[in-house]
Amino acid sequence: MIEIKNLHKKFGKLTVLEELDLTINKGGIFAILGPNGSGKTTLIKCILGMVIPNKGEIVLDGKSILKKWEYRNNLNYLPQIANFPGNLSVIELLKMVKNLRPKESNEKELIELFGLTPFLNKKLGNLSGGTKQKVNLVLTFMFDSELIILDEPTTGLDPIALIHLKELIAKEKEKGKTILITTHIMSLVDEMADEIVFLLDGKIYFKGSVDSLKKQTEQENLEHAIANLIEKQYQTATTK
Amino acid sequence: MLKILKYSIYDLLRSRWSYVYFIFYLMLSFSLFFLNNDIDKAIITLMNVIVVLTPLIGTIFGVMYYYSSKEFTELLLAQPIKRSKIFMGQYIGISLSLTLSLVLGIGIPFVIYGLFKSAAVFDFTLLLVVGAFLNFIFVALAYNIALSINNKIKGFGYAILMWLTFAVIYDAVFMGLLIHYNDYPLDQFTLIATMLNPIDLSRILILLKLDASALLGYTGAFLQSFYGTSMGLIVSLSALSMWIVLPILRMRSKLKKKDF
Amino acid sequence: MKIVFLLFLLMQFSANATTFTVCKTCKINSIKKAVSLAEDGDKIIVKKGVYKEFNIQVSKAIQIIGEDYPILDGQNKSESIFAIKADNFSIEGFKFRNVGISYTKEIAAIFVSGSTNFTLSNNQLEDVFYGFIVQDCKYGLLQNNTVVGHAIKESNSGNGFHLWKCKHIRIEHNTVSGMRDGIYLEFVNKSSISHNTSFDNVRYGLHFMFSNNNEYHHNEFKANGAGVAVMFSKFIKMHHNTFHFNWGPASYGLLLKEIYDAEIVDNVFEQNTIGINIDGCNRINYKNNHFIRNGWALKFIGGCYTNVFEFNNFQHNAFDLSYNSRLNDNRFEANYWSEYSGYDLDKNGIGDVPHRPVKLFSYIVNQTPQTLVLLRSLFVDIINFSEKVSPVFTPDNLLDTKPLMKPINSIVE
């Protein structure tokens, strides 16, 4: 479904992605992991068209997406930080985003699910961080798209909302959607991810299932497995 | 683009700052017309304020809006919509809402004062047209700076510096050059130099209406012979338009390469 | 036959004065003829018609009256239409046109020399080289005349009213336009010029040279090439005049050059490039004048001493005052300055902080004229302010210590 070939991205002198090749098949939950500065967000933003790669190709369902924008109609994105125009109300924001995507949406269900009904006519500037994140989730999940990209979706959520989120993700997976998640919450990965893509220094260091990662690193715990990966990298770096 | 424009105007028109700006102009013009009752003085004072303040407010609003809506812009960027449309929508939204504050803030007192009967209506219209131009120009310049500089504090600093350059430093250098090269024929130079600064250009356009007698002094004759004609008005209005078009073109080309 | 009878009748009414009537079909069909027949005290009435006459010499005390504006056509010959040297005469009610041009002779529609006690009134002059030339005369009255020229250049045009070496002349209620100088006076003393309108003249609306003890008031001077010039004259009273729209590279409402002991009171200077250009003038009192929207209200050139400016209104001039030296011997007191930004805490109508009418920028513009394009820019405001706080270039004793808070008898709302 997603094919990334030989992707390069530099920010000034800093190389963020280097000769990155990645194929993600249709359907399933893919966790994109890596330490800070490893290029996770850049990779996601390349797919979203927000970051323009220096070199390489990104193909979505057989079509190149570089310099295009129409493909985003079949893509949902949850940004890391939820910050909306302070003077619009929740309902106006929903209308606006719906307006931008002439497509079926099921926001009513989601609003109920996250208990946002009392906030609908409140200005976004007056909402708490957690509520904003819920609005953010509604905006992301209200459209029916093949590809869903979630950037740190759990930030600021209360436990109930978190459960709802997990349910939502699971439901989308059942429908055969492709879901990309970046997160620092390993339990979430452990619980939900079908595959892990581990990035380090702009390259794919590991790609495979959670189990195969555990096996490869000889660790029972996912967090330790990841730590182990990073440690190894440090060792090779210092011996170099 | 119209959708983005609609919502950014929606948002801005409810912003506290739009009201502060609107009320500032409202109170200023009310006090000028009704406390003083001297329309000439009112227009001169308004000109001084508009020529200096609109660029400043346009600049500050421009960078502020860009940086504060950065995250939301990212959300928009992930929607099926062209980049340039998002930013053009925002840009026009800011410029329009600022212009609205200006036009209403000054216009309401003028209408109440009964301006439409007075001969000052042309001066007044020119004042508003120039104010609108300055809004669009300086928001565009501010957006250019914000797009080029990711660091918010730095961007803000550069934007203020840009304003200061056009409002003060440019004129200081200009005056220095004129005094230094006093012995040379400077008419052409003066004319071109005023074209290259939108604030100077706007000021002169209004001045020629207000202080015609001063500018018609032996020094001003050549200026009058240029700016005073309809040709001059067309040229200077197109120069002002270029000050909008060029920053927008740069904005668009910048957007093609920009990473968010 | 009838006319003769009428004439006879009229003669009966005034025993020793005869009235001659001139018309195209009359026995007397030219003015020249009538003049030659008339004697002192007689009256000549000219009926409507076109009279192609010029060089009508008058040396008698007669009245020449036009009825329904008969036209005197000079056919552009290099001669005056009337050339008069007489006492106690009057000419009124004529329309003059096509008076020729001469660069060697002084020719005018009416040329008067060496005369005393005369009246020239209600005449309309069109396309004349000079309108009235009055030389060596006393006690003349020129009133209700209209002079219209189409002068383009100074060098080949003449003046509307040209007075030379006269005394006790009154020029009143005339309108003059399109000439070189509207009214020109040289060596004219003890005369008064009032209620005239002088506009669109190539050079000056009114021009005094070496003329003392004169008065001009209630005149309007509009859009003349350079305004009104008063030069090398003493004891001139100028009041209730309006000077406006005198625009141009070397234009001003009023030019004063070497004027001493004058009174300038109750005048209006509106929208002139320079309101008053003051060049080497001493002991002049300026009172209750209105300076409105001029480029420069007052521009000083050369040494000017002990002039007094009181109770004037300075409203919205680009520059209220331009001063060329660092010395000041003139007094500015109790004027209204629209630029004044002080306050009046004790509410006595007088600002508590002195006003400094000279701006640094006006000094800079004097040095480098092109800098004028920076007028009203923020940078200029800044340097003006700093100069105001600590004067370096402008005379620091040039202050209005009692600036008024409100305009005096403002004519503007």
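By written order: A, B and C. Residues from 1 in each chain.
Everything that follows uses one rule, which is that a residue touches a chain if its C-beta (ideal position, glycine included) is under 8 Å from a C-beta of that chain, and two chains touch if they have at least 3 such contacts.
A quick note: this is a predicted structure, and the numbers were derived from the prediction, not measured.
In terms of which chains touch, the assembly is arranged as an unbranched chain of neighbours. Put simply, the chain farthest from chain A by mean CA position is C.
The distance from the centre of chain A to the centre of chain C, with each centre set as the mean of the Cα atoms, comes to 87 Å. Rounded to whole angstrom units, the spacing between the C-alpha centres of chain B and chain C is 46. Centre-to-centre separation between chain A and chain B, using Cα means, comes to 41 Å. The residues of chain B never reach two or more other chains; the list is empty.
Multi-chain contact residues of chain C (touching two or more other chains) are absent. Residues 247-251, 271-274, 293-296, 315-319, 338, 364-365, 367-382, 412-413 of chain C are the ones that touch chain B when the two sit in their complex.
Contact residues on chain A toward chain B in their complex (touch as defined above): 9, 11, 45, 48-52, 69-73, 75, 77, 79, 81-88, 92, 96-97, 99-101, 123, 139, 149. Residues of chain B touching chain C in their complex: 37-41, 44, 47-48, 51-52, 167-169, 171-172, 174-175, 178-179, 182, 186-187, 190, 194, 199-200, 203-204, 207, 211-221, 223. Here chain B touches chain A in the complex through residues 3-4, 7-8, 10-12, 14-15, 69-72, 74-83, 256-260, going by the rule given at the top.
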